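Look at the two complexes coming up: chain A is in both, with chain B in one and chain C in the other.
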Partner chain A sequence: MNDLVDFWLEHLPAMLDGLLVSVQVTGVSLAIGVPLGLMLALAVQSRSKPMRGIAIVVVEVGRGAPALILLQFTYFGLPNAGLSLDSFASAVIALAWCTGAYTSEIIRAGLEAVPHGQKEAAEAIGLNHLDALRYVILPQALRVSVPALLGFSILMLQASSLCFAIALPELVSQAYLIGSTTFRYMPILVLAGLLYAAICIPATIAVSALERKLGAHA
Partner chain B sequence: MTQDMLLTMVSGVPWTIALTAVALLIGVVLGIPLCAMRMSKLVVLRMVANTLILTLRAIPPIVWLFFIFFGLDTGFVSLNPFQAAAIGLGLITAANMAEIYRGAMSAIHSGQSEASMALGLSTYHRFFDVLGPQLFRVALPSAASYAIGLLKDSAIASTIGVHEIAFQASHVSQRTFRGLDVYAVAGLLYILLSLPIAWASRWADLHLRARVAR
Partner chain C sequence: MSLNSSSIPQADVASRPPLLRLDAIGKTFGTHVVLEDIDLSLAAGEVVAIIGPSGSGKSTLLRCINQLEPPTTGRVTIGDTTIEAGHTPTRRELMALRRNIGMVFQSFNLFPHLTVLRNVSLAQERVMGRTREQADAVSMQLLARVGLADKAQQFPSRCSGGQQQRIAIARALALDPQIMLFDEPTSALDPELGLEVLAVMRELAEGGMTMIVVTHEMRFAENVSDRVIIMADGRIVEQGPSGTVMRNPQTERAQRFLHAVKDR
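What follows is the complex of A and B.
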């Protein structure tokens, strides 16, 4: 047991570095992906046909193709088109695409949950389309979407583990590297699992508590 | 994109389907006792189930697969990549199915359970003749969308060497130094595979809904 703790303590700094990269890549992807999701959700409902078409394709490909394939596409595929990116930038593009596609559906559900009368009332008091969206519709729609968006953010932290496949030095890559040099895969993978669990389990519990609390007032 | 490259990638399709099907089967079956434990009257059972579900869902699939494939391999058990992937994804599916069953349970009116108890039906008949069929119908749409998600998650098995679509795609792209079209085709294959599941689920849902007056 002491041996295990020593092993963990010895490699903890490298693992925490990896965790930091995981959190960074998740954070940047969400910061780009959620606004993208909002734009896609609005574009899918737009009156212009080409815009709707493009938005639907972006959403359906982002949701339909596995995140791993999106990552490999941006990292190994885009250089063929003359666009070479480092693994962090590729990871952010792929995960932001994935985030945009999924969150657009979450936000669309939120937009649909706003009663139609709200939109009519905004029109009746003379707000233009943009102001109606900004002051009336979005504040209500986003409030409905918050629990689902937070739940999705937890999933994205887990999805960032796929960046292992494109050699981003995140948590799983670090664990694998340490495992392959020390031949002690089991303990280091357990530590990786514990680190993910230490973030995701409290976050999951907090999100479901929030959901219950918001649900109680609905 | 030559025919040879395309054929290599398509040769991954049966593996993807097999892996998804086996993992789904494990999850659908193991999800039942897990859900029963989660809803049990005994606090200990409930806590065990809750911890299992939270842990299985909180740790990324790739860590589970590595843990089962590399971690458990050191001593007494030796699994091939397909077995390791099927067990790992199957366990994760079980946790998610347990939550889907629980959600479906709460959607069934409590009067159904009370009525079958009032009629003096045994626990077995209460579950298999009254609650079960309704549960199946309610749980089907979420189970189908989970199955589509699982199909995409099965791409992760390529990292431990299961010869499915993502594995063949990276194999082909390494051999030919072409990534753009290879991964685009791989993504398209996954999208094409998920379409029949979505259609079947929608059809079954309409069909089952039509048989029950609501």
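What follows is the complex of A and C.
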């Protein structure tokens, strides 16, 4: 037992470095992906046919293709098209795409939950389309979407472990690296799992608490 | 409750140039004809009540006036803005129209995420370009006018239905409209709460506001409005001075409707 704790303590700094990369790649992907999701949600409802078409393709590919395929496509595939990216940039593109695709559906559901009378009232007091969206529709839609968006963010942190496939030094990559030099894969993977859990379990509890709070005020 | 009609005598009203004119307004949803050939002209200060059976197109007519529903045929003129069916109005025309027309809905449609004050101030800032301080000052006056200054910092959900509808009236008045449209403003309310809304509307009417009120409140139609319009099947079947139409309708369709209403 002591031996295990010593092993963990010895490799904890490297593992925390990996966790930091996991959190960074997730954070940047969400920061790009959620606004992208919002734009896609609006574009899917757009009156312009080409706009709708493009949005639907982006969403369907993002949701249809496994995240691992998107990652390998941006890392190994794009260089063939003359665009070489480091693993962090590739990961961000792939995960932001995936995030945009899934969150566009979450946000669209939020938009649809806003009663039609709200849009009419906004129009009747003379607000233009953009102002109606910004001041009346989106605040209400996002309030509905927030718990699902946060839940998705937690899943995304876990999905970032797929980035080990493109040699991004995130938590799972670090664990494999340590495993391959020490030949103690099991204990180091358990530590990786514990570190994910240390973030995800409290976050999940906080999200359900928030959900209850928002629900109570609806 | 006094039964005098609104302060503006009928002859006086009729001699003024119209503030709002509808020419041959028609509305079709698919193949379903909802409005047919509606002409209507409203003088400044005039209060018109529209009554008629459910489904006769009353709400649709109001919504065509401020273009929430674009009419299929005809023309809406208010001031020097004319919007012709078939031509998508420009942003500027639409804005001019909506600034001049306030609308109050049956289900209030207040913005639940904004305080009462913000509900009333929002359009003043975004549409009229007032600063927040200016807008809030005007909003406080309007809220005082509908008797709800003390609710300014509350959220709408903390207010009763009657209070919410009075806030909605303040919100509609905030753009200083020339005309107010009311679509069954009391139908979603308990009778007692409806009374406080009707009192605010009566005050507005007596203050000279031009109003079109779709209502099931026959006493309001008879006592507060100058003119009553009875609609059935998408058409105006009878109109005239409120006393005459309500007590002595000429057409068979109007008689049938008023009988049905009065018999309950």
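Operating definition for what follows: the second predicted complex is superposed on the first by the 218 of 218 C-alpha atoms of A that agree within 3 Å, B and C clash if a C-alpha of one lies under 4 Å from a C-alpha of the other, contacts with A are read in each partner's own complex, and residues count from 1 in each chain.
The rule is short, and it goes like this: a contact is a pair of C-beta atoms (placed from the backbone, for glycine too) under 8 Å apart; a residue touches a chain by one contact, two chains touch by 3 or more.
Small disclaimer: the values here were computed from a predicted structure and weren't measured.
Judged by the touch definition given at the top, the superposed model places A:L68 against chain B, while chain C stays out of reach. Once chain A of one complex is fitted onto chain A of the other, the partner contacts of A:A14 are absent, as it touches neither chain B nor chain C.
Measured by the number of chain A residues touched, the leading partner among chain B and chain C is B. Shared-chain residue A:S161: touches chain B; no touch with chain C.
With both structures placed on the common chain, the touch criterion links A:A192 to chain B but leaves chain C unconnected.
Of the two partner chains, neither chain B nor chain C is touched by A:A109. If you check the complex, the residues on chain A that touch chain C are 115, 117-118, 120-128, 131, 135-136, 139-140, 143.
Residues 54-55, 57-64, 66-67, 70-74, 152-153, 155-156, 158-159, 166, 169-170, 173, 178-184, 186-188, 190-191, 194 of chain B are the ones that touch chain A when the two sit in their complex. Those residues of chain A that touch chain B in the shared complex are 60-61, 64-70, 72-73, 75-81, 158-159, 161-162, 164-165, 172, 175-176, 179, 185-186, 189-190, 192-193, 196-197, 200-201, 204-205. If you check the complex, the residues on chain C that touch chain A are 66, 68, 91, 95, 98-99, 101-103, 105, 107, 109-113, 122-123, 126-127, 171-172, 174-175.
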